[in-house]
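First subunit A sits with subunit B, and in the next complex the same chain sits with subunit C.
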Partner chain A sequence: MTEVGGTGYALIALGPAFSLFLTVIASKPFLILTVLGSAMMWLVSLIACAILWRAFLPGAVWTFLPLLITVVGIQEAVRLYYWCLYLKVEHFLNKLAAKVSKPQLVATDKIQIAIASGLGHGIAHSVFFCLSLLTPAFGPATYYIDSCVHMPLFLVAAFMGLGFLLLHTFSMVIAFNALAGDKHFHQLFVPVMHLCASLLTMVNLLPGGCIAGVPMTLICAVVTLAVAGKIVWDKTGTGSAELGNLQRVHSSSSL
Partner chain B sequence: MRSVPDLENAMYQSLQGYPCVRLLNVTGELGCANPGRTKAIAPIQRFQDANSVQLSAPRTLLLPSSALVGFLKRLEEADGSSSSLEQQVAGLLIEYDNLSFPEVAGFSADSIFPQAEFAPYDTKSYQWNPTGSGIMYRRLNFPVFLLHKNSTDDVQALAAKNERVGFKYPLNVAEFNAVMRTTKAGTHTTESCLRENSCLPLGGYSVWSALPAMNVSSPTGKPIVLAIASMDSSSFFHDVAPGADSPLSGMLALLAAVDALAEMGGLETLKKQLVFLVLTGESFGYLGSRQFLAQLKSDSNFVMGLNATSIYQVLEVGSIGQAYDSTFYVHKQASAATTPTLQILNALKAAAVSLKDSTSKPQVKPASPSNPGIPPSSLMSFVHKDPTTAGVVLEEFDTIFKNKFYHSQYDDASNINVEVIASAASLVARALYMLASDNTADTTILKSIQVNVSLVEAMVGCLFHQEPGMTCELVKSLMTPSQGFTTHYVGVFQQEPSAIPDPYYIEDTSRFVWNFLADRTELNRKEWKKFSAQNEECTDACKNPEEVCVASTADHKGRCIVSTTRYVPAFSPRLGYESSGWQLLPLETGDTMGAADPVYTESFWSTIGLQVYLQESSWFDEMVLFLGVSITAFSFFAIICTKAVFQKRLKRA
Partner chain C sequence: MEKAILESVGGEIVSIVTPVSICMLLVVLLVHTLTPHGSVVAPIATVAMMVYSEKPNDSLFEKLRGGFLNGIIFVCIVMIVTFVLFGLFYFRFTKCLRVYMGFSAFMVLAWMGGTVMVELIQFFSIPIDVITFGICLINFASVGVIAVFFCQMPIVLTQGYLVVIGMLVAFWFTKLPEWTTWTLLISMAVYDIMAVLAPVGPLKMLLELAMTRDEEIPALIYEARPVLPRQMPGPPPTSSSSTTVQPRRWSHLGAPPHSLLNIAIGRGNSAGLNVDSDNFQTSNLGTVGGHELMNFVTEPPIAPEAGLLGSRLVSSTEDAGTLNSVSSVLAGHQPIDPNVDEDTVPLVNPGTRNMAAVDRMELGTQMQPRDLDEDELERNDEGFGLGVSGALKLGLGDFVFYSVLVGRAAMYDLMTVYACYLAIVGGLGATLILLAVWRRAMPALPISISLGVVFYFLTRLIMDPFVVDLATHLVFF
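Entry: the complex of A and B
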């Protein structure tokens, strides 16, 4: 609804991503590349899902269930593959650092790389599922779908985009930590939360469901954010093993 | 919905409707337009009738067509409430109706005495057109559209939805785009807008034809019987001005009469020459007839072969499509020369007598002497030039118009009768033959003049019905129309007036009339039919300057024939064309019609459109922006704080 409204929706969906990018990512070229690379991987996984499901869509409403399950499954598999690639890159970077007598990657670096990877996924999701849908919002008209008379379609899309952006960003932090430390609970948490959040979006299909569906997505995002926060809190706490690696916090990072 | 473009299509619905457009004259403006340079947008609200309209905020009014006149009257009221009412009207939508209300009272957008200022008599208050409302001449500062049938149902549903939510946003709004160049240029009269090139004068091309074909370079000097009809009409919404009864029924009768007369042999032996003239632009200051007379006076190329003194008698065929009692009235001006005018009346009577065995049995009566003079007609231009002009107007009515829908969108095919028109055509054809023979022809010859009723029916289908419309067989055999369904509003004059008429700039109706008359009045037509290979093929011009190219269409080439059928430009004689463009000429003394001429022009416009969509209130948009900015700012500060906290934590460790 007009440029004012359209800008508002875009900021709701991508404002936090923009802030995160400016404060954490923008000063470090390697992180920018990570964001781009991770976004690319996400898009490849989406293409794979699209190829798989092309023959069956558009389908009846009940097809959404197997659709979501298979797509989440494919994306989690890609996340594991991404982790394998990351390990190789980390190994290579450390070797390179050793050669030029620069410091190795520390825990904060790894957390930043995790955030950048998650942000790449989140931004790619937002652009594809939310931003393109918001283009008509810059015109003079608005749109309400029959099953959601409480909020314009664009507001629903913006909030969902925000929720999934936060979810993807902080899931990656949890995943990196879990896979590195082989923590099974957290390893399960990420795919399960992803699947839950995806399935809960189907609540929006019910008449008036968006009143419940949208907050639920945001709650999933907040929960993920809290879990990731706790992990980072614990990691930067007074745990002796990692202490030495944190000493170089003041000097400029090797990234 | 499969994609974002589908979403956009679902959001915006384009409506089909006929707009009311901005016209200008020497004193000011008339018609409708967007008030400024921007689109007019307001929520849609429906009212059942004019008096119940109460507006608390700017609205798009949706009214049934029966309420249009009453509502515009309310806006005219001198008290303060009407001006505040007008300010709240962002736009007006008129519903399509199935002619349920007008059956009773009638509706005419023109005035009670149409174009009274041109009457050659003083009684300007005579009520020729009692159903006249005069709304055509109103100046409105908001756009008005007449909706198509399908769009009417859609808009009524949207208005009902708005009512249901008590006009709380989000609301269904209508967006009007009827921005006029004259508004943008700040020109508000004909003279200023012509100077600034923000408008064009109204006009088109009239057609004249001679039967039999004349040698225009060396005319025989025979006195001319001029038969006139008009092909243009008007209404509040120019795109739907069918004018079926007024005046095109007269034109149909004249064309069918020409068709019948063309079958007769021996016309060249008759004492007088028949010339047919189909005028355009008569609804806007009689510009067609006045320009024709001006062209005669200046002896222009367009009227070569004619001159003002050789026109001996004038028979105008007016509205004749509703003469259900088979009586046609002959109107004449008291100042007309007695003998030649009486000869016309007698010719018509003789024609009626020869038709007494037909099914229609038409009768001819002189109009009531209590009439102040001739009804609104092209003959008025001739009378002004020469009050003794021997001319009559043949009409279906005596003292007041029979047509209850004069100059309105309802004057369509349902308002005329094919048999009545055919009967009038027979009357006119036989009367013209009588006149050409100086009233000496005998009944046997008259009875051999037969009008083709199916031709009249075909023309009605072509000119007044959506199907087949101008893509009918009759039209397609003679020319390729530019559109399927034409309105009979004259339109603007698009060429330089002295240029050779380029068919690209000529309206479909004029082109049809030209081709029809050229085809029927072709010299040696019957002979040609035996030797069909003789005529040269052509697309627009013929090598022999005496010949014209007829029936050239997109499908087949035309043929070069000898026919005295010519276009005459029709535009107000108060205008002249120089290299810098159109200009208003100074008024000549003694030019009473010129003094009364409003000199109509139409503003340029780029697009005229109408769409509806759902709109939020502006504060909702602002709230969304505020929310977005807050979320962004909050996340920004939250990240910075978190960073600081973690850095402190790491330092401590």
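Entry: the complex of A and C
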């Protein structure tokens, strides 16, 4: 629907990512590289899933169920692998910090790295699933699919992209925190929420399902956001036991 | 409050990735605007198509074979011209080289730039008359040539012009037929490996010669962040690097067994250290105009007695260069204390490439030499020089070929563009890390191009149908 519509859809899908990027990430080059690295890792996992399932698509509708389960499984495995890589990078950064007499990584740094990693996943998801569909949206017409006559395809894809972007970003924060502190509830929460959100999108296959599918995805995203927010609040709030961790204290100062 | 490590690590890589991304973005925009889907672009007659001119009706085998032949011929021409330029440099025809480079840069900006501008004017129906257009174009091209080769101008201007030159050349290359483009890219990547890492590579010889003679090689190199203003002692400095005048341009530290060349390390006078003849200078390694590949093998020089080398970056974000950091941590010894002498890392130049008609440039990075032997710690602790600017340098040929790949991907769909972009940036990062680890000249093309090509075909053939199928059913994960 012309350039205005196309830009609008793109902003719905990527606006929060853009503002997150500008406020948190753009000032720190390492985080920019983290975003790119984790986007690339997500892309590789997507290609692996595509290779696995390419032969079965386009297929019957019920093939989506095992597809989603296996794909979410692969992505969660990639998340664990990414966590292992992150541990090495953190170790490396701390060693480097020691060498150049800078403070070690504190809690906010780690949260920022987690946000950057999650944002890389989320942006990659939005770009590949939503933005690449939007090219026709810049033209003069719009497009509806059969199972969703209420909203144009682009609008639905934009909202779903937004939901999954928030989901990926903040589930990475939760996952990092859970794996570092070995909190089993949160460790389980992330894959379960991811799987739920994915399976709920299958509601969209029903006629008129997108009326329910879009809000449900956004609710999943909001729940993830709330859990991540609570974690960060606990970690950095004034009542936090780790408050001392927040101050970047020079190793030789007496602060 | 102390600045955290997170704020400084990675700065130079980002400062190289940003212009590469901008160049790719511009090429994608141009391609997307000027070659709408479904239009048949008449292939231009170029040297790359001497042998085989692709027609749509040919069979796949013929196209592949023809493209392959085109690629081989192109690589041969590049190699011959590289040797010619090496010969010119050897016989000290530097003026000839400089005039040629200035001329080719002017041609790129005026002629190719003019063609692109005319197409844009036609597309957007911009009302402009011929005389105004002509004057603007001549001025634009002249300022570009001067900014890149002859004068010291605000660095943003020089960098901008370099990116524009890279963009124009890449756009011109995207007009080649499809299979020829892919085979050309792959051939150039393979050639890059051979030219950089093989003992008889022309670029290696050229750099070696430049080092032994302690002269600059005029070329087009994008420098991320030069710090000090250039002074022109003798021959005018080349391209965009801003290095201080030093008595010597290259450091000669003997011939270490495994590498023939020494790193030219630039150092700034900002730290106020005495510069004596043992100090190092940035190599203004650029590509000589012409089909030429230059690869630089670099080596860490020994420190001068003054101890700390380095230059202070203008930018406030860098206290510890990334590659310095990588090297230092891997080597297990102390990097230069930035509080005393703020160093950052230039990598040593891996490869520079030149192209006559197109002025390609290559990855030239200046490496901060880091000796990985624990035994030589004391000797080398002070010694590892840094580029004057402390910034990475990337030859323009790499810009061009990355953008060609992405531009060709844009002709299919935007999804391939994103995949190829991530692949190329990932490859560039991997190349830089390898450079920091192996500390020898590395060609910038192979990893990125091979990843890009692999990702393009995987995306186009496998991922695209998968994702589109899921997305049109509104099933996401």
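Criterion: the second predicted complex is superposed on the first by the 244 of 255 C-alpha atoms of A that agree within 3 Å, B and C clash if a C-alpha of one lies under 4 Å from a C-alpha of the other, contacts with A are read in each partner's own complex, and residues count from 1 in each chain.
Everything below uses one rule, namely that a residue touches a chain if its C-beta (ideal position, glycine included) is under 8 Å from a C-beta of that chain, and two chains touch if they have at least 3 such contacts.
All of these numbers come straight from a predicted model, not from anything done at the bench.
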Looking at the overlay on subunit A, is there a clash between subunit B and subunit C, or do the two fit? fit
First (subunit B), second (subunit C), both or neither: which does A:F21 touch? neither
Now for A:A141: first (subunit B), second (subunit C), both, or neither, which partner does it touch? first
Considering only the touch criterion stated at the top, classify A:V156 as touching first (subunit B), second (subunit C), both, or neither. second
Subunit A as apex of subunit B and subunit C, Cα-centre angle in degrees (nearest 10): 70
Per the contact definition in the header, classify A:S132: touching subunit B only (first), subunit C only (second), both, or neither. both
Who does A:F30 touch here: subunit B (first), subunit C (second), both, or neither? second
Based on the superposed arrangement, let me know which partner A:W83 touches: subunit B (first), subunit C (second), both, or neither? neither
After superposing on the shared chain, does subunit C or subunit B touch more subunit A residues? C
For A:L96 in the superposed arrangement: first (subunit B), second (subunit C), both or neither? second
Which holds for A:Y9: it touches subunit B only (first), subunit C only (second), both, or neither? first
Nearest-approach distance, in Å, of subunit C Cα atoms to those of subunit B in the combined model: 5
On subunit A, which stretch or stretches are contacted by subunit B in one complex as well as by subunit C in the other? 58, 132-133, 135, 153, 249-250
Which residues, counting only subunit A, touch subunit B once they are in their complex? 1-2, 4-5, 7-12, 15-16, 18-20, 22-24, 58, 108, 132-133, 135-136, 139-144, 152-153, 155, 158, 162, 232-233, 236-238, 243, 246, 249-250
Contacting residues of subunit B [partner subunit A, same complex]: 2, 4, 7-8, 10-12, 41, 170, 175, 613-616, 618, 620-629, 631-632, 635-636, 639-640, 643, 646-647, 649-651, 653
Contact footprint of subunit A on subunit C as seen in their complex: 1-11, 13-15, 17, 317, 319-320, 322, 325, 328-329, 334-335, 337-339, 413-415, 418-419, 422-423, 425-426, 429, 455, 458-459, 462-463, 465-477
Seen from subunit A, its contact residues with subunit C in the complex are 27-33, 36-37, 39-40, 43, 46-47, 49-51, 53-54, 57-58, 61, 64, 68, 71-72, 75, 92-93, 95-97, 99-106, 109, 112-113, 124-125, 127-133, 135, 145, 147-148, 153, 156-157, 160-161, 164, 194, 198, 201-202, 204-205, 209-210, 213, 217, 247-250
